[in-house]
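In the part that follows, the structures are each spelled out as structure tokens.
There are two complexes below, and they share chain A, which is joined by chain B in the first and by chain C in the second.
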Partner chain A sequence: MTSLTRRAFMKSGIAAATAATVGITVSQEALAQAKAAEAGWSWDKGVCRFCGTGCGIQIATKGGQIVAVKGDPDAPVNRGLNCIKGYFNGRILYGQDRLTRPLMRMKDGAFDKRGDFVPVSWDRAMDEMERQAKRALAQKGPTGIAMIPSGQSLIQEGYTASKLMKAGFRSNNIDPNARLCMASAVAAFYQTFGVDEPANNYDDIELADAMILWGANMAEAHPVLWSRITDRRLTARTTKIVNITTFANLSSDIADLEIVMKPNADLAIQNYVAREIIARNAVNREFVDRHCVFATGPADIGYGMRPTDKFAFPAEKDVQGQELVHVLDKHEAVGQRKEPGTRVEQKNRTSAGKHWLISFDDFKKAVEPYTLDFVAELAKGDPDEPLDKFKAKLVELVDIYVDPKRNVMSFWTMGFNQHIRGVWVNEQCYATHLLLGKHARPGNGAFSLTGQPSACGTAREVGTFSHRLPADMLVDNAAHRKTTEEMWKLPPNTLNPKIGSDIMAILRDLEDGGVKFLWIQTTNPFQSTPNANHWLKAAREMDSFIVVAEAYPTVTAKVADLILPAAMIFEKWGGYGNAERRTQLWRQQVDPPGEARSDVWMMLEFAKRFRLKDVWGEKAVAGVKADGYPDGKLPDVLAEAQKLGYTPETTLYEALFATADNRKVAWPDPVAKGHGNSTVKALKEGWFVEKALFEEYRRFTVAKQHDLAAFDVYYRDDVRGLRWPVVDGKETKWRFVEGHDPFVKKGEGFNFYGPLLKALPTGNLDDVTDPKPTSLAGKAKIFFRPYAAPVEQTDANFDLWLCTGRILEHWHTGSMTRRVPELHRTAPTAVMYMHADDAAKRGLKRNDVAWIESRRGKVKVVVETKGRNRMPKGSVFVAFFDEAVFINKLVIDASDPISREPDYKKSAVKVYKA
Partner chain B sequence: MNDSSRTRRDFLVKGAQMAGAAASVGFIWHALVKSEARASAGALRPPGALAERDFAAQCIKCGQCVRACPYGTLSLASVAGPAATGTPHFEPRTVPCYMCPDLPCTRACPSGALDPALDDVNRARMGLAVIDEEHCLSWQGLRCEVCYRVCPLRGKAIVINTESRKTSRHAVFEPMVDSEHCTGCGLCEKSCPTELAAIRVLRPEFVQGRIGAHYRMQDKASRSGQAADAPAAAPSPRIAAPKPQAAPGVDYLNQAAPP
Partner chain C sequence: MNLSGILVTAASGRFDEIVAGLPVLPGVEVHHTDAATSRVVVVQEAPTIEDEVDGLRRIQALPGVVAAEMVYHYFADDPSLAGTPL
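What follows is the complex of A and B.
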């Protein structure tokens, strides 16, 4: 707000900013000099390595090195701009401690879990991987093997990983780090629309008259999108920006309205908004009647923690106990129409996602308790703010939403998703927009932003989750398995019908011995996951084999048994998909250093070492129960496999990857325009792996409303990514709406055609009353979801809320950005943002070192009372990029029971002088 | 405060004094102490330093401020240094001033060269940050603004002015320095991610101009309380002054009318 005030600041320039202005005459000599400096450079298009915005860049190479990058002026997302991370895209490849050789823990010439890392050959590394994976299969069956890929994995990497695990090893224990950031959004898309990913796109920013941020500090987390939002605010003066958050941050600087709320109060505020929409008669009846239904589900769904305290630290046991029985506080009681103090057995822990139809009258009754007085008292997050002022803000929020003249966009990221009721808050936001009919229209919509560059393109669309198959298909759906088996030319019932372990479950499986072989790619979960002290100990003490494919030594690499040196983004062919469904592909620009290899190559070489007889015989998988499957088992499919032309001796490489069709896709290919291919070169098989796999994957998407364009199209000089579905060569800007979405017929207006979860029983606010399913084809669901309190509360001992997250300067755990000296200098260490009075109360002042401690661990951190975040009393924020301030190990591993995504935003801590 | 950092600071102090002593072979230490300030634009002084001429006169080059600094920010200038030999200074790109609220360096000064009256580090004026807009990433449209975020007086000493970029649908976030609040601590210069910092701290006298005393800027005037609606000036006094016999210009004025 201050920065919008135009004051006569001293613009003390060393030189006048003349060259920056348009129309300057640049001397011919200067131009010639600039040209000479770029002699021999070759420029090609690429995509920024960092956040989910998906900025286009241009990369210059010379002599096998990236010599420069620039923002791509033709990229519609960023028009030639980048943020400070994007500015260093080319430099992240060249850190001094880049891993270039496989490293294995050895003692006396043999692998030893207690040994030191020693460089070994790729053959030696793969021999040990094969031995350990076969041991895991023999001991535990398919579920003994697990894989953690990433929302930064390339499209082809995700596809290879998913096929290898699900079709090859028949294990659904594959789950990406995207579980930690986007799973709540995904589950809400499924439940609300029956299909994943947003209806709207970034063009809506320039069409909106109000933009409402819910738990999204876009100024730091989506820097270039934020400059678009700011531009809209500056050029269309009536535009309103609302920042709803638990602390004042940089996004507040241009906000017209800032609402600082208590953790989890978003659930209550949204119900207040819904109540007001009805009370003010602002429901778009025509839209709602034609295109929506009302729904709800159970509230006794637990908190995504272990149901037993067997593995809990002593201090954790009190909170963990609530996993099975929770006592309602006074706000929950009102919001759930029950008595305060009611002990609620969490009966729907394992059926948290079930839901049923209710009537509009039930919905109205459900939101009735969420009055302004009730919600304001519950939600006000800054103890120093007068209640009346806070109430006025809530009223203004509703005014903005219901204003019929305003196009309204809601944006959210981790404040919603990393939330013990993350699916619910996502759904509530859709409910607001659907009630108003302000969704899937130009300038109007509820938009889930993504954090990672390919959380959409790889993790979600390819389906590297434990419950997913490509193109929104699910492992526990017989028809989806059948389609996938046919596409992949697998014998019937090869695929495992039981949903596998999500990322948190995989780590817990390490702790309790369920997983024996774990392969981690392009992510650093031992620094990023909550409550990591458990898994750090498990990784080193349990009998397991952990493979980490990495570019740099990270915390995760440190606890591995084998480290594989990985090629980085521009050292291989690949593609990303951003938050607005834009798929962008690039060519390899340079070769990887030393013996580093692409993850695809690693997986294909590994696949050569397994024969169908190793994996497609009968396998025990506890809990399997499906038609065509013996209870607790995956059937032997080797006989059926023979009918498809396989023999028991066929390798997984031949059966899954080097198929006859794929081998026809030859390398070299004209699309390469002289660029190399490190995967093909190392594989020495002559087929264009990345193109063949992309085209194979693309077949899943065509005519499934997910349509991707052909591989070569994305490499055309005039293409800067395309937003799927791409039908008849045309991208789709707005889905589900007539005139924009090719799958919506004339006269329909809107068609929420997503096919999942579209037959529901009927009930009231408490339970199902008529189990007969009703079809909801083409409709979206407006959910009622009640207020629920955070499972861990602040108390006399742990008296502060801790929220963790990102800052603009660093990417995630800092493994790349902290290796760029200039970026390291901008933010060398994570600090604890804290209210000055909270600091003073503890005898602390700015720049002092303090301990921050939770039930799960403690770290030392420098106190910051003045910085970019202005904390209300009672809350602190620490970013998680800094290995030396290992903050996420303090975070509770409570998760949304539907999405299984952990809540990083509300742990109880105490702070004291170090 | 650990031993090694203590040792390092002692070294910084003694090293510079020794270098000074070595350079002054043939002179007496007193002469060195008295050596006049040949300071250049780059030499930034600790918080509370008097105006350069007074500072040079009063600083006894004892190194107490260097010893007191907990961050190793300060050092005594060597012979080839940017400041008069033996006087304390800092280079923000190497180590900036972290603006300790208890001002240990100022308090340690025995000579008054660092003003003992300074009680609020936010009022220190070690220098003034200036931005090279041509090479500032933020001014060129990138989302950087690192200087703004690291500024201990963020929102006062450095503010962001947002302007539409016009050539696309993006805003430009322009960092601007307000001389009224900038202490010259140099955290911005330290953190600037360009190869050579696009924001530098210089001593204010090398950067700031001064408008004439005969004119008051509208907003400056209103800030200093001389608002436009100030009471009207008193009427000029009627004094019966004797008519001068001769006065400058009279000759010309009393000539015949121009042709």
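What follows is the complex of A and C.
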């Protein structure tokens, strides 16, 4: 066939396949053409690795390469469509600068922190890792070792990492990048419902009559869900879309109501909504009385910064000082029923999450100050908008929420979560829906969206956080430790009962020398964490060893001492869990390039190098205090280990991973249908690692109402992921509601059965009055949370608000999307969006280069006064995908004190001509 | 050879105009049409993957086009794929 006719032939085939994918009828002949064009290809289902939406894709391979990607028409999430990133799931494997060999900093043939990167063998790389990890253990004990995995880690990777760190090294210093995006959502789920993950699901989009976005620019960040929302808006014309945001963006284009507010004003607006629900008699009494209680907690909880200014840059010291004492501004004072100017010592910095029951009357009294006048004056974010117009919008927002004929969904992402009071704003949103009885019902619910593809499935459900164990269990809960020790066949009191360092604390530990060995997987924290100048300096100057498993030379890889070349998504077997509890598994499609290996393989090989005598003897861990543990120590469990059949010489690989049960799961397996397995091939042990680990993990889920289906079920041709709990082969669309959730009994109506934090003392709005715990089994909590101002404020010097976020074409730090040339070209460098008048005032115009500077650093940016984001005066926006515009250096590392998630949305900056 | 299958949705009443206008764009061929739902399937050929997305944007910018979405992406023969490992 000549190249011309081959081209024509391919085109007809692709056209027919495209038509079939979107449901346009084509002739038998055309279908035959499609088949012929794809001769020799093999198609298989996969999942997009770019965001928490979890779109299904179909991947074609030929001759060991991925050749084509199409939307999966049978995937209920996306029904055949993807956003532009989705089509490059194949392309991202083939970037020019893909890492394919281990690279270590060397000088004169030996490891040297100041040396240059030199290719080394895997053996050499692992030898050095072993040496450095053993040194860290000897110098600092278990907490000297830390790991930062990812919301993009596969379920099996997260499980392996968690078990290796918590059971093997007895260190809880493992915390994923998901801390940076989801931690506030998680803490609010725990506090409100006693269990993580949403009640609702994506089907609600087509069942809702109103969709309210709180700090979620879905048009850019969740494009496929956005197209479902747009379709709903266009086909059911009474549907209303509300966009509540700090600047007008692409999601505003189709919104019926756009509310531009000041930073942190969401706290006040939601209290106004609650006040109105009560004032308009719209509380769903029957639902609230039967299924809810009211609660509140302390307001003096600090800002998640260091309590000392020892490490602060001189310019940072004034803001950092508020960590211990904060002076209430006039809005905070009114909202907290105090005098403006009151100096409040932040007494509950380390007990920020504590809370107690209050009465409905107390709740009503608490929201009383949040009148329309008060909130409108505090919240209006666009100085050019007339106050009356803004007030009318707030009233309309309430009209939409309380309308008994409307099903209402609220959606949020980073605007709520990356917030110094992120847990509070999440809780307030549940409060609105619970007061109205509009939650956990088809078409009605408060729904936390996720950013990363497996923030839910891996980071949260497997529990790769410093406080978590699998399936919503916690390291500081004795019963949970016991369950986990039994499941993992560990001697009693092996697990460390002290919550480890969260991701920001791990970086601070690097800075103050507490962590000596850090392993980073599938994430780019040196670009993505706030106030990055501190951590970059710490990484290069402190006496630590940093291992980065990566596919591309990211900022973080360049900061490392050792780079391990990692296999990417379809180069290994794996699974993800998306934002609607849908678990999706895929087969390996192609082999990894060169010497790249799966993260699971790396961890198993590393585990072979440690014997129980190295890790299960008595170990000092400062601050340990728990029954069965000597103060400040983890006990020696080697004697008990012998009873379980281990010896001091047993390796962690044998004790934790290659167990007798797991070795029975043999490779090859019919589920593979001829696909390869790079992990098994490199490990050379003949057991089907990913299946065995998934099945092992599944036992936790089945015991804890998170039931996953068996591994093989997810590979059936008729399955496109299943929403857990999967009970008797059936997925669950709505949790906690009778008729949908198998754990809710007949006659109960609703049962918020999550077990955590379900016995509380009682008090008033200020404190506990009766410490005796009351059980609230089966109930959800309606929290009152007051308005609190951002800790860093704009002033005469730093006179603009900086908000950061992501954009459609790029995903997070751009470590993969920047390898796809056209995505890179569409938005080659991050620009700074600002109001034209703000630019003019500084002698700037569109496309000028300007400095943007905060207390923490400065970078150069190109000024953009038009385009997708339309800023109100006083605010600027910069995306964070671009290494060349390292915006996170400028961002304050203040965090929510309950969730420890940083607030990337509110830093004070100044802008001037470069 | 970079080929993409693209689904184009025309505004109501502008279907014929869109079907006529699409092939004028470089590399774009109309293959299947569905007047009932105002949808058109085109295949776009572009020398590089970059031109391919520029082309998609040209289609999206065509007056009367409500949406143009890539559905199928074929990239096997793209010369820029010949990566040189580090």
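Simple rule for what comes next: the second predicted complex is superposed on the first by the 876 of 914 C-alpha atoms of A that agree within 3 Å, B and C clash if a C-alpha of one lies under 4 Å from a C-alpha of the other, contacts with A are read in each partner's own complex, and residues count from 1 in each chain.
In this section, a residue touches a chain if its C-beta (ideal position, glycine included) is under 8 Å from a C-beta of that chain, and two chains touch if they have at least 3 such contacts.
All of these numbers come straight from a predicted model, not from anything done at the bench.
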*asked:* For A:713 in the superposed arrangement: first (chain B), second (chain C), both or neither?
replied: neither
*When the two structures are overlaid on chain A, which partner does A:87 contact: first (chain B), second (chain C), both, or neither?*
both
*Considering only touches as defined above, state whether A:106 meets chain B (first), chain C (second), both or neither.*
neither
*Determine, under the contact definition given at the top, whether A:845 touches first (chain B), second (chain C), both, or neither.*
first
*Touched partner set for A:95, first chain B, second chain C, both or neither*: second
*Once the shared chain is lined up, is A:69 touching chain B (first), chain C (second), both, or neither of them?*
second
_First (chain B), second (chain C), both or neither touched by A:118_ = neither
_So in the superposed three-chain picture, is A:594 touching just chain B, just chain C, both, or none of them (first/second/both/neither)?_
second
_Touching partner for A:207 - first (chain B), second (chain C), both, neither_ = neither
*asked:* Quick check on my understanding: which residues of chain A belong to both its chain B contact set and its chain C contact set?
replied: 7, 10-12, 14-15, 17-19, 71, 80-82, 84, 87-88, 227, 822-823, 825-826
*Which chain B residues qualify as touching chain A in the complex?*
98, 100-101, 128-134, 137, 139-146, 149-150, 152-155, 159-165, 167-173, 176-179, 190-195, 200, 207-208, 217, 219-220
*Name, in rising order, each residue of chain A that touches chain B in their complex.*
2-4, 6-15, 17-20, 71, 78-84, 86-88, 205-206, 223-224, 226-228, 230-235, 250, 253-254, 808-809, 822-823, 825-827, 845-847, 866-868
_Residues of chain A defined as touching chain C within the complex_ = 7, 10-12, 14-19, 21-22, 24-26, 30, 62, 65, 67-71, 80-82, 84, 87-88, 90-91, 94-101, 103, 227, 553, 593-594, 820-823, 825-826
*Complex interface listing, chain C residues touching chain A*: 1, 3-7, 29, 31-32, 34, 37, 39, 41-43, 45, 48-50, 52-54, 56, 67, 69-76, 80-81, 83-86
